[in-house]
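Shared between the two complexes below is subunit A, which has subunit B as its partner in the first and subunit C in the second.
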Partner chain A sequence: MFEELNRLAGWSTEKLPDREVIFITDKGCNGTFLLHHFIALYLKAGQHVVLVTVEQSFAHYSVACGKLGANLTKSKTEGKLTHVDMMKAGLNEYLQESSPTDQLSKGFSNKTLEQLNDMIHDLVNSVPVDKKSIVIVDDLSLFLSLGFPIEDVITFYHKMKYITRTKPASFLTVLHLDGSAEDLPTLYPNFSYYGTCELKLEGLESGYSKDVHGTLEVIQKSMKNLRTVFERKVRQYKVTERTLHLFAPGTSKAVL
Partner chain B sequence: MLQKLVGKLKPNPNEGSILIIKDSATIPDFSLLYSMFFNKAALYKSSHVILFEHTEEDFFKVNKGIIPYQVTVHECYHYQYMTKLQLQVKLQRIFCSFPAEEIIICFDSLNPWIQVASASSVIQTLCQLQNLPCSIEILAVIHTDLISESVNLQFSKIVGTTLCMDKKPSLDLDTSKLVCNGKSLKPSGKILFFIESFLVSTDFKLETKTCLSQSTTQISQQNEKNVASPPCIATFDISTKQEEILQKNLLVLPYTKMNESGSIIYEADYDDDLDYDDPDEDLEF
Partner chain C sequence: MKKVTFTKKGTKKSGISIPGTQPSTNNGLLLTSTGIPSLDALLGGGLPVGTVLLIEEDHTNRFARIVSKYFLAEGTACHHGIYLITRNEKPQKILSQLPMPTTMEKVSREAGSGEMNIAIRYHDLPKAQKSVADVSRYGHHFDLSKTMDALQLADKEVHSLNLLETIDKEIKDIFRYTLQQIKIKIDTNNYAAPSDTDVGNEKNLNILRVAITNFGSPMWGENNSETAQKINKFLFCLRALARQSLMVCCITIPTDLYTSTQVETFRQLCDCSVELQSFEGKKKNPLYKQYHGLLNMRKLLCLNSLLPYVPETLDFAFELKKTKFVIEYLHLPPDVSDTASRQGVEEIDTNKVSKSSPCGGTTLKKDLDF
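After this line comes the complex of A and B, so read on.
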């Protein structure tokens, strides 16, 4: 996991995000590497992870998190990680195949998101009371591209928010702001309003750089004296396979 | 002006008032709503809070037992799991439980209700509450960036006072304060515009400072389209009376005669040398 990001946001294996709704937005770059960080963080802390894959396969996350020191296959066997494969459901929908096992794998229907929510609810309920959990949906905005109406996606997001208030669980998802879905601009305000923490990634305006991959802004919302206060921290970052380097804008080693 | 709104007289029965606070994702705020509600609630016999975005636990954490009088809290936090009909039934039960006396109702947000039901259904219900045979005041928050412009417009038609916090405070103001752009419709038809910065203390007292002087606009009930008429803006009277318009319409201009084809018929004088030959006769078309 990325220690520098933990230090920036005030997280650690002893102080995990508590009942937070975290969303990652990226524009001009790909922010899904932060999902690997959260998976590794929770597993290393001995807490539970519910991973809903829509964009990438389980094997992808297994390899990526392996480099951060987390063994996803072993965690799955031990029951610390639960995987919900929405990619398979999408493939079955495309190939018009149905699996006799679970309802979700049979393909998409207008009740898919409701069924997914019920499944996540049951999974979070089954986690021991003294354990925290995190629900990770690797790309909620992809449901728009898959033909789900925006109202259903927003309702699902609100239900995930409800789970974080009623259970010791957090929710994490990614929103690609330069995606092609028409309703994307409508989705972002909902995420922004009801989320408690935004990790905003932007590529450099000047283009690709070997030493600086983009800007990371951590926006944490809290209540102080009845007012909603935003705490913003901006850094530039360089991500490698195993580490995330954060530095103040303009202070990259390549520049100094 | 905000202080005046807090101390505003109770509305008459069947003429309930609605105050909406509009915020956005960049400037979300509940402090003004709670400040107005808790200060006004002392004047009413019955105070109700309907929570869509906060739990009852959050609400009591906010007021920390400061409020001495009874506030009835109705939690609808699990609205996401309700159908439109279920939510409607729940809200009807809440509204039916209101005593037939002075009531103040506070909605922490109308957006979840709009999401489950529809904007028109919410507006209809608010209008019905407004017309209850008792003195009723409704306070609510709407997140403007989660609703369309048409829905925004629909709400502005039924709302008496709108307080907008969707504009960022300017740099020369104290950044600990928020800026509120207000619009209040008076019973006489005047609309009062004001901009004030405000700060809500932990005991919900409101401190305000006027940023811009108030301006008023008189709404003419006859001319709701607000079209500027030339006679009003000219320094001399160029309006025409009915008789003058009639005479103008009856006037026929010289050399103009209407026939069936609409062409101009010219009758030549004695001295005119008219040539009836075709000038293009030698051209081969």
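After this line comes the complex of A and C, so read on.
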């Protein structure tokens, strides 16, 4: 768990993100490390995690979260964590499909996202009523690269938002802004429209630095007196083997 | 909090030893050499089994080919399974040019050579023009000037797939066909990753090295966004396949042919990416005259940990010597002209060559005033 991020965003094991749609955007750096924080946060709080892996294997999350003090394998056998392996599913589909009629050779059927949605829906429904849960899709923008129509991705995202409205669940995903640039003008507004919290990561303009890995902006959207209030907090960050350090821009230990 | 003892948690590969591999010390990964010690050092010790390395080809493809050859030669030296996939040429052409392994003694003698000819107080400082890696503990060294002959390859598990031969056949999707062939190779030769129950029974385990050259070149399909998407799918599935088998893959793509967005997506779909920029046929910056090209780490390998292994710097240059391919830290050459003031030299030293020894690149020149 990243204590400093919790403090910044007002989360803790007692006060988990409540029915939020959180999305991580990254540009010039990789923001997937933040996923481990949420997995560890929920498991430590004794709540449920539905982990959909597209980008990395379960073994990766298992070892990396172990460094944050969460035992994924144990949680999995206890039923606190459900793992949906989209990587393997995608591979099997790709290998098997040999129908000559399919000129465009889609690789994945268009149903994949719908099925995934149904599966997640069932999994969230099966969580005990008194427990909270979080659905994590480790990379939603990857679906675009794999040739899914952008409408399908947006529909999926919308359905995830629906789950957070009907169940005590949150949704978390990653959007890589570097790769999917062509569809960005349509995709990004949709994400921020449905999202309640954006974790915006950007690499330093001046390039890679050993002591400052980039800037992290937490944008939290909330309703106060019928008005939408945006709360923005900007910090610079540095990731270490086991934790995340946040500091006000320009106050890295290396420069002070 | 801190664990002192080394425990390999959560990986399927625990307790398994395969020739030509070594476990990484902190992530429980099984590493294997790329054949180039300096490239291994950049990757943090080697390429983990189950990953895909993307080489972004230089525009003449000369150096990317050399990297592929090293990758394959390392496989033959370790008795790994080799699977070479080509579309632009006959695989035999590459296989007949694999560099010859050299003996360890020769390499260490080379490394330790060079009589001390500067002041004794610099003796323990690292040499300025240092190659990235020291003599590696595992992996082999190769001599590019000699090639392995067919006899040496005879007893090795070398297979190749010549996709040129498939042009006449009716194959709807060359990308899918390729992946299916890799899958068949893994299944028939039993390169699947062992489950926990197999740990005791590890005698037959071996690594499959898959090398795909000129992937995505015009021979593979028209250069349009549809092909780029097919490549995306292929890379995604290749990585998924690699994760569940004892396979390492080195794939070279002529990235000049694709837009920067498409290339960025390719990078995301591979585990790590190395870009080669050769100076061949181009007007070269006189500062870089000692190098053959620049090497950039475009995507760093981040597996089983929160942050990737980050080398000291991300800017490297490569040089093709008579017998080997070396990756070095990029730094400016020594400024030894008469007009240069000492002040200027020192400025360059602190700003640009901070990674080298305090006396910068000038240690080897005799006509210096100390």
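The criterion applied here is as follows: the second predicted complex is superposed on the first by the 242 of 256 C-alpha atoms of A that agree within 3 Å, B and C clash if a C-alpha of one lies under 4 Å from a C-alpha of the other, contacts with A are read in each partner's own complex, and residues count from 1 in each chain.
In this text, a contact is a pair of C-beta atoms (placed from the backbone, for glycine too) under 8 Å apart; a residue touches a chain by one contact, two chains touch by 3 or more.
As the structure is a computational prediction, the values presented were derived from the model and not from experiment.
**Student:** Touching A:Lys233 in the superposition: subunit B (first), subunit C (second), both, neither?
**Tutor:** Neither partner.
**Student:** Please indicate which partner A:Lys159 is in contact with in the superposed arrangement: first for subunit B, second for subunit C, both, or neither.
**Tutor:** In the superposed model, A:Lys159 contacts subunit B only, not subunit C.
**Student:** Using the superposition on chain A described above, determine whether A:Asn190 touches subunit B (first), subunit C (second), both, or neither.
**Tutor:** first
**Student:** A:Asp178 in the overlay: touching subunit B, subunit C, both, or neither? Say first, second, both or neither.
**Tutor:** Touch partner of A:Asp178: subunit C, not subunit B.
**Student:** Which touches a greater number of subunit A residues, subunit B or subunit C?
**Tutor:** Higher number of touched subunit A residues: C.
**Student:** Looking at the overlay, does A:Arg7 come into contact with subunit B only (first), subunit C only (second), both, or neither?
**Tutor:** neither
**Student:** Please work out whether A:Ala64 is in contact with subunit B alone, subunit C alone, both, or neither, and reply first, second, both or neither.
**Tutor:** Second partner only.
**Student:** Can you check the complex and tell me which residues of subunit C touch subunit A?
**Tutor:** 1, 9-12, 26-28, 172-173, 176, 179-180, 183, 226, 229-230, 232-233, 236-237, 239-241, 243-244, 261, 264-265, 267-269, 302-308, 310, 314
**Student:** Help me check something: in the complex, which residues belonging to subunit A touch subunit B?
**Tutor:** Touch list, subunit A to subunit B: 151, 154-155, 158-159, 162, 165, 189-190, 192-194, 225-228.
**Student:** Which part of subunit A faces subunit C closely enough to touch in the complex?
**Tutor:** Subunit A reaches subunit C through residues 30, 32-33, 36, 55-57, 59-60, 62-64, 66-68, 72-73, 87-88, 90-91, 94-95, 97, 100, 102-105, 107-108, 142, 145-147, 176, 178-182, 207-208, 210, 213, 239-242.
**Student:** Which residues of subunit B touch subunit A in their complex?
**Tutor:** 24-25, 28-31, 34-35, 53, 55, 62, 77-78, 80-81, 112, 115, 143, 145-146, 178, 200-202, 204
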